[in-house]
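So that you can tell them apart, the chains are marked A, B and C in the order they are listed, and the count of residues begins at 1 in each.
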Amino acid sequence: MTTTDIAGDTPIEPTLQMSGIRKVYQLGDTEVVALDHAEITVEVGEIVALVGPSGSGKTTLCSIAGGILSASEGSVVVGGEDITDYGSKALTTFRQNQVGFVFQSVHLVPFLTARENLLVVDEMGRREGRVARDRADRLLAELGIDDREKNLPSQLSGGQKQRVAIGRALMNDPQLVLFDEPTSALDTELGAQVMELIRNEMKARGTSAIVVTHDDRITEYCDRTVRIVDGHLAA
Amino acid sequence: MKLALRELVRRPGRFVTATAILTLIAILLMFLGSLLDGLIRSSTGAVRAQNADALVFSESSQASFLRSRIEPGLAATLEQDLGADVGGLGVVQLGARVPGNGPRDLANVALWGYELAPDGVPEPPEPGEVWADETLRADGVEIGHELLLGSARTAVTVVGWVEDTSYNGQGSLWADVETWRNVLNTNRPDAALADGVFQSLVVRSGELGADTTAAVVAVAGPDYIALTVSQAIDEIPGVTEQQTTFNQILGVTVAIAFVVIALFFALLTVERTALYGVLKAIGARSRTIFAGLVGQAVVVTLVAATIAGAAVLLLDLAIPPGSIPLYVSASRIVTSIVLLLVAAVLGCAFSLRRVLRVDPASALGSS
Amino acid sequence: MFLALKEMRRAKARFGLLIVAIGLLVFLILFQQSLQNGLLTSFVGAIRNQSAPVLVYSVDGQRVIQGSIITPEMEQLVDGADGVGDVGRISQRTFTVTAGGDRYDAGIWGYEDEALGAPSSLVEGRYPTTSGEAVGSDADASNGFGVGDTVVVEPGGLEITIVGLAEDVQLSASPTLFVTYDTYVAAIRSVNPDAADPLPNVLGVAPEEGITDGALVESINAESEQLDALTRDDAADETPGVAQVRQSFLLILLLYALVVPCVTGLFFLIVTFQKSDALTLLRAIGAPAGRLVASLLLQALIIIGAGFAIGLLLYTPLSQQQLGGIPLRFETRAVVFWAVLLLVLGVGSSLISARRVLAIDPIEATTGGANR
């Protein structure tokens, strides 16, 4: 499953490699299997659509890939880093450095400006100061919202909010960005624009992404579609 | 922490009511504390000022000056046997007619006769003269005034001021012992004392230090008791009771501050569960989030305490002298602030469990 | 009803904290009310509950019995004033006494005429008939001041036997012994051999028939600027310190009372804000706004009620105690007064949240604008 770089000599590790993933939740006396021996690999720069109905296990898979949840069985390697046996502290540090998240309802901090919403990533984790501020300014410019940097989320349109959320996800220069239903709260036209933007940004950076959705229309913006039903993956 | 402080600045409205409540509680705490300090200060100043290793009272007096009786000769014996400086001390509480005041408008005074000067009080003045406590200014007393004491209208002239020497809530006048004895015997025949008899003795024995009280009792015999200054203060009626009662009330008030802060931040935490989930998902540690919460509590408390401190200072200025014995001191304000801060931090700890329990996974897959 | 209780059960910690906060506040308010009344009663109870309707002080006394001295000239002036019926001498001083093996500061109150200075009524025993007998304050009965006990005045060893007890007759928060005047003089002499014949501290005066107490006071005060006549209740209220105690406690109680509606109001405001989504949904599915408001007010009622119950539970045992010689009492009137006041203030403050509930537009459930 490894690819080689352009020169063809050094093999390049895939961004995400999940194998034999099983996730079991205990609900009272009964066990609920959310994921059953799931296997997925995301190559560098690849955008994968993860499609499935509600309750199919997409969020669980995404949470495990992002280091939010630990799998009951199986192994997870992100950017060459095996996080399978990480404890919660190590997972927190991992999330600070390796992954970016764009949440379903954007979830910007309501009392912070667009720029501050990006900088919150640095404040909560790496604390790079000036470097982070420069990166935030660059991202805002690249995402076309630098004229909105001083606006609060309540003063932004839905599309602008989504751009801020994408900027936030890219703040730590992640290898992998996880998008959780990024267009569910947007109308068709805006949804298309946002997906276009996501594709462009990911491709420009060579960053891999998983886009969780139950909307088949957005799969066309992705390189590959993986379907998930009842915890089972099917390419 | 920056995030938490930004929220305070950007959304002050959210914290206004809690700050207002805490301000009220802080005012209560500072007001009650200052009231206690004022009460204690105005009851104990004259005794507190005594520069003594021991104060001697008669055994059955319960350390009450009015009831104590020291026979002549004891002072000389103590001086001889202990090599100590010993001076007589006595007090009489009377109404004083102040020049310029109405015929029924008298000042309450405690006239002290002394031989060894207390701290901040000069050597005894000439017969018929007194040093007056500054609190008597509120009664219109001025330097040069001839005050007429008691129903016998015994005249004494004010020749200077002294500070913080009130006794039983009354302003003190400090005179030589003969002037005191004359005023006492003329105005209070029932409490009259013969020449050489005192109500108490001040014993200064540099060498014996803490052992002075025991040494005095050993020399003076079972008819006398010897107390340190702080013991004598505690024996002033009401002092210990006031301190205990007020401190209990202050304690419960701090407990209320704790519960209010706990409640407010518990509610805020519930409201922010989703936000905390997102922050945790992007790599924030519970510690960082909780530190922000504590930071907010500390700022809210400091703001409340500052407003309350200012309010109590204004109240102190607004209250007419002599009505409520409020004594606002920096140490009381600071103690109150520290107590409130402790309550604030502990109150926040109540939300710690909830912060820890916020699952970063909650940020995914929900709207 | 269903909603209100379900919500409280689900968020026990939050509602519990609020109830505890209110409970503590109620406890403090009631305790301080008892403390104030106990303090004032033990401070001036002897003046309020003695038999002379009018007391005459010397102006020099500044309305403190021990500080007042009535000279023979003043006594003559009072005797000669219009409207004066009977006049009796009263003197009072604090002595060290031994009772039940312990030493106490005790006030000895000597009166010449039982109708002018003895306790108005007794709860046990009889009035003194001979020298060496006393009526004691019943709050101190268990400390060796009970009927039949003998109290020794120190130094000098004068013995006084207690033959009766009266309620609420302490002075300066100390045990008080009401004795005939000759017993009082004997006590003074026994402790101070240098003492001259004591002058009376105050005079107890009864008006002639047809003269009111107020008129008598005016008539005596008109005789001389050295006389300070006061009715019994005024004498108690005007004792130095009484007004300060009242003012201080009034201010303190007002502040505490203010905290209750603030805490309750804030709580419901935040809670209402937090659940505005749920409330909007309930409105959308047809719940009448009135019912939601009723549920909110019911919660306020339960919280204030439960808080009050906790406060009362803490207060009741404490109100049976003595605090540093000050007998506390369960103040039923205060309990009822504060219950009504806090209920009105607490429920009233939650009305701000009720306004918010009423302002919810069910349409927001479909547009998602509820939490804006």
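Some notes on this structure:
In the analysis below, a contact is a pair of C-beta atoms (placed from the backbone, for glycine too) under 8 Å apart; a residue touches a chain by one contact, two chains touch by 3 or more.
This one's a predicted model, so the numbers in the text were calculated from it and none came from an experiment.
Comparing per-chain C-alpha centres with the mean over every protein C-alpha atom, the closest match is chain B.
Using mean Cα coordinates as chain centres, the one most removed from subunit C is A. If each chain is reduced to the centroid of its CA atoms, subunit A and subunit B end up 63 Å from each other.
Averaging C-alpha coordinates per chain places the centre of subunit B 24 Å away from that of subunit C. Separating the CA-averaged centres of subunit A and subunit C is a span of 69 Å. Those residues of subunit B that touch subunit A in the shared complex are 2-3, 6-7, 10-11, 274-275, 278-285, 288, 360-361, 363-367. Subunit B makes touch with subunit C in their complex at residues 17-18, 20-21, 24-25, 27-28, 31-32, 35, 58-62, 64, 66-67, 69, 93-95, 103-104, 106, 108, 150-151, 169, 187-194, 197, 237-238, 240-241, 244-245, 249, 252-253, 255-256, 259-260, 262-264, 266-268, 270-271, 323-325, 350.
Of all residues in subunit C, those touching subunit B in their complex are 11, 13-14, 17-18, 20-21, 24-25, 27-28, 31-32, 35, 58-62, 67, 69, 71, 91, 93-96, 103-105, 154-155, 172-174, 188, 191-192, 194-199, 225-226, 228, 240-241, 243-244, 247-248, 251-252, 255-256, 258-259, 262-263, 265-267, 269-271, 273-274, 323-326.
Subunit A contributes residues 58-59, 62-63, 66, 68-69, 89, 92-93, 95-97, 100-101, 103-105, 107, 109, 111-112, 116, 120-121, 123-125, 152, 168, 172, 178, 180, 184-185 to its touches with subunit B in the complex.
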